[in-house]
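Below are two complexes that have subunit A in common, paired first with subunit B and then with subunit C.
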Partner chain A sequence: MNATIAKLALQALLGRRRFFLLLAFPVLLVGLVALVTALTDGEAAFELLPGLGYPLVLPLVAILAASSVLGPEVDDGSIVYLLAKPVNRYAVAFSKWLVALAATLAAGSLPILLAALLTGDAGRAWALFVGAVVAGTAYSALFLAISAVTRHAVIASLMFVLIWESLLGNLFTGIAWLSIGQWGLRVGHELSDQLPDPASLPWAIGASLVVTVVGVWFAGDRLRSFTLRGED
Partner chain B sequence: MPEAPRSGVIHDLGYRRYDGPRDGTATIARTLFVTGLRHAYGLGRSGRSKVMPFLLLGMSLLPAAVVVGFVVLTGLRSLPVSYAAYTNQTQLLVSLFAASQAPVLFSRDLRHRSIVLYLARPLPATVFALVRWASLAVAMWLFTALPTVLLYLGAMLAGLDKSDQTTDALKALVLQAGLAALIAGVTGLISSVSLRRGFAVVGSVMALIVLSGVVTAVQNIASAEGEDPASVGVGLVSPWSLHNGLANAWGAGLDTPAPVDGAWVPAYVLVALLLIGGCLLGLVARFRKVGTR
Partner chain C sequence: MSTLVLDSASRWFGNVVAVNDVSLTIGPGVTGLLGPNGAGKTTLLAMMSGFLAPSSGHVTLDGRPVWRNTEIYRRIGLVPERELSFGYLTGRQFVRANADLHRLPDAAAATERILGVVDMVEPAGRRLDTYSKGMRQRVKIAAALVHDPSVLLLDEPFNGVDPRQRMHLMDLLRRLGDEGRTVLFSSHILEEVERLARHIEVVVSGRHAASGDFGAIRQLMTDRPVQYAVQSSDNRTLAALLMEQVSVRAVALRGDHLDVQVDDLGSFAVGLPELARRHDLTIFELSPSDESLESVFAYLVAR
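Then we have the complex of A and B:
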């Protein structure tokens, strides 16, 4: 953990337009849920969260956060100046991950809790929040690792979320065992029966932990042997 | 030896001048269009940039091949999914293709300032912006039309009703052309404003996938509450719901939460045209501003 790198990553994250894009997601989600709750009832509005907020907004926020703390530097090559400093590369990855995690939880998980509380029934709201925290943690580590590997990190991460987890995950139930979002839901299921229970609890917890730890370690490892490539 | 008066300005180094025929703006625009179209699929670029477009294209063709095989083997008398509905069901892939390839055509020249080199030639910024848009729109249209053609060929080989299938396929192709124009305008505008590739991609995904998800959810809730006009009205907001609403109104075999009919049809057409026009105006304004810097 290196406070200076974390501070720089936070500045990169909150810089100008990026911040507004990051802010747009929670505002959109809470506003939409509040609107639907006001016009119809909480039950119809709650459907938006497992249908839209949890599988789409949370990972998108995580992608945006993880790629903002590392992506621009890799993109314009200025990361070599950071890597030239005598700082442990794992500490660099860990500091950046902490910032991405904080942003994901603040702009992804917290709005899900707020929106779910708006629809009534605090029990399921907190359950969904716990799921969103678990999934947000694993997502931010995975997407940080992807950002350290390829310049097309955003597209690669989006393909994982949209095609693997959403499109194929809806067709093949077995993908729940290999889907970060479903692991989070499984952990949340322990708190409220209204959430589905794919996979098994020890697997969900274990797999989330493994993805988080390996993701951050792998990002550090990629930074350790980093090579710059041209535009392709 | 008498020296002829020089007519060149800076490039004239005294070598023999070229005085053959010169091609005009139309040729430059056509070449730029073809290059843009090839670049959208990674042709003429590095191997790694071919992976994404062709992976997405393959993934959107695979279900069509499966459907054709299914129809042939089981002897169905109709396709289990209509052409327009197939495009809608692969909307994640179509949107991802647009989001990943629009920055290729619209961001790179601006980010690396190579746009000044283009605009130093006798090609106005307006034409440049429109040609780029046309490249992306045709690339998008090909992306959605190829599975349709595959389905249609399969339907013909399986001996389904010729006139029905032809009408439906042609309707789907026309709708896809409109959809391609819309999506190319929206994603092109986003990527010409936001030059970092990552943010252009996330912005495009927001405008296409997130917005479409929100609109579909609200449409379903509104029609479940019995508020059909509200359900149809919300559909005016996103490119995908415009496409679906028009497909529904035209009888192209696509169901929307509430049927689009009556005065809504011209409204949908008008909003779609306005959206395309607005995006083009935005693109032209953006490139003219960059060109004068």
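Then we have the complex of A and C:
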């Protein structure tokens, strides 16, 4: 962990226009759930969370956070200013991940908890929150790794979420075994039966851990091999 | 005192060879890396600064390989050509972050000291995205120098910098070289390199074309055969007279002018007016037809 890298990553996150997008998602989600709760009842409003908040807003926030702390610097090569230092590159990746994780939890998982609490059942809300923390942790590490590899990190990450997890995940139940969102729900299921129980608990915990650790390690490894190219 | 050594270093990207079997030793003092655009200067600097693995050969700093070795950055300061994208930071914050990343014992004092060296104390409180090109360049140099490295590598540091700032930067680099640091900068402009560097390395098309002090390189460049276009009152008579000169290698009649190939630049240019006057000829026009830097480089490679 390197405090300076983390501080710069935080400034990169807060100093760009993307930050307002990052802020808009949770505000809209909580606002929508509050509105539906007021107009109908808590049950209909809660459906928005497993239907929209959890599978879409949470990963989108994670994508924004992870790509903001690393993406632009890798894209335009200005990360050399951070890397031309006697600092362990895994520490660079880890510090940046911590900032992305904090942002994902604050702007993704926490609003899901708030919105779920608005709909009534507190047990169910906390269970979903735990799931969102697990998934947010793995998402941020995965998307950080993707940001370290490709210039098209946002597109690649979106494809993972929209096509793999959402579209194919709805068609084939087996994909739950390879879906970060489903692992989170499986962990949350232990706290509340109202969440679905895809895959198995040890698998969900183990796989989330592996994705997190390998994702951050891989991002660090890519940084170790970071190559400076000319303008052309 | 540090020495950077490239030993038969090559780098290729797929089928394209960017750097071809280059062996160089860069020691203390200011060295200029001269070459036209696309010659492989950035690739060389990337290899020297540990941001590119050589495809073959070795790149070492004081005997230790630089690739995947973050410890070298205690001794190296790098000023890439890349623009700073940290526009949301002030100059001071940016330099301070660099000092902090080096874990300097007194980062705040080091930051102020180096801002003073590059003469950026006053604007250091402003955001980077409000800076002119020359100011950004100086902040980049401050960031690279804040940990007092023995080696400073700069990629095209004078690109887009206005003349006054350029003078200032040159003075600064000269001072750093005089202090015994190893300073290497790349440029595609001969005059820039000449004015600043004691030692010059020339690269063309990824190959090491020439090496030596400024005088030797200048000599190489002025001694090469030069083409002139001459227009006079009587081209045919002048052609006959020119062929008698030792320095002239070839003369051709081309419509209304003469193409003259000359070996020794100095004596030809000095002798021509006198020759014309003696034979009552009037010279209307005398112009070198291939003074472009590219032809100079092409000559050095073909040599």
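We take it that the second predicted complex is superposed on the first by the 226 of 232 C-alpha atoms of A that agree within 3 Å, B and C clash if a C-alpha of one lies under 4 Å from a C-alpha of the other, contacts with A are read in each partner's own complex, and residues count from 1 in each chain.
One rule holds for everything that comes next: a residue touches a chain if its C-beta (ideal position, glycine included) is under 8 Å from a C-beta of that chain, and two chains touch if they have at least 3 such contacts.
Since the structure is predicted, the reported quantities are computational estimates derived from the model, not experimental observations.
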Fit or clash - subunit C, subunit B, common subunit A: fit
Partner chain in contact with A:72 - subunit B first, subunit C second, else both or neither: both
First (subunit B), second (subunit C), both or neither touched by A:12: second
Partner chain(s) touched by A:89 [first = subunit B, second = subunit C, both, neither]: second
Which of subunit B and subunit C A:166 touches, first, second, both or neither: first
Touching partner for A:155 - first (subunit B), second (subunit C), both, neither: first
Which superposed partner A:226 touches (first subunit B, second subunit C, both, neither): second
Touched partner set for A:2, first subunit B, second subunit C, both or neither: second
First, second, both or neither for A:137, with subunit B first and subunit C second: neither
Partner chain(s) touched by A:28 [first = subunit B, second = subunit C, both, neither]: first
Overlay on shared chain A, then closest C-alpha pair between subunit B and subunit C (Å): 12
Contacts on subunit A seen with subunit B and repeated with subunit C across the two complexes: 72, 231-232
List of subunit C residues in touch with subunit A within their complex: 38, 42-43, 45-46, 49-53, 68, 70-71, 73-74, 76-78, 80-89, 97-98, 100-102, 143-144
Footprint of subunit A on subunit B - complex, ascending: 45-46, 48-49, 52, 59, 92-93, 96, 99-100, 108, 112, 194, 196-199, 201-203, 205-206, 209-210, 213-214, 217-218, 221, 224-225
Sites on subunit A touched by subunit C in the complex: 2-5, 7-8, 11-12, 15-16, 72-73, 76-78, 80-89, 224-232
Residues of subunit A that touch subunit B when the two form their complex: 17-18, 21, 24-25, 28, 32, 36, 39-40, 44, 47-48, 51-52, 56-57, 60, 63-64, 67-68, 71-72, 75, 151-155, 158-159, 162-163, 166-167, 231-232
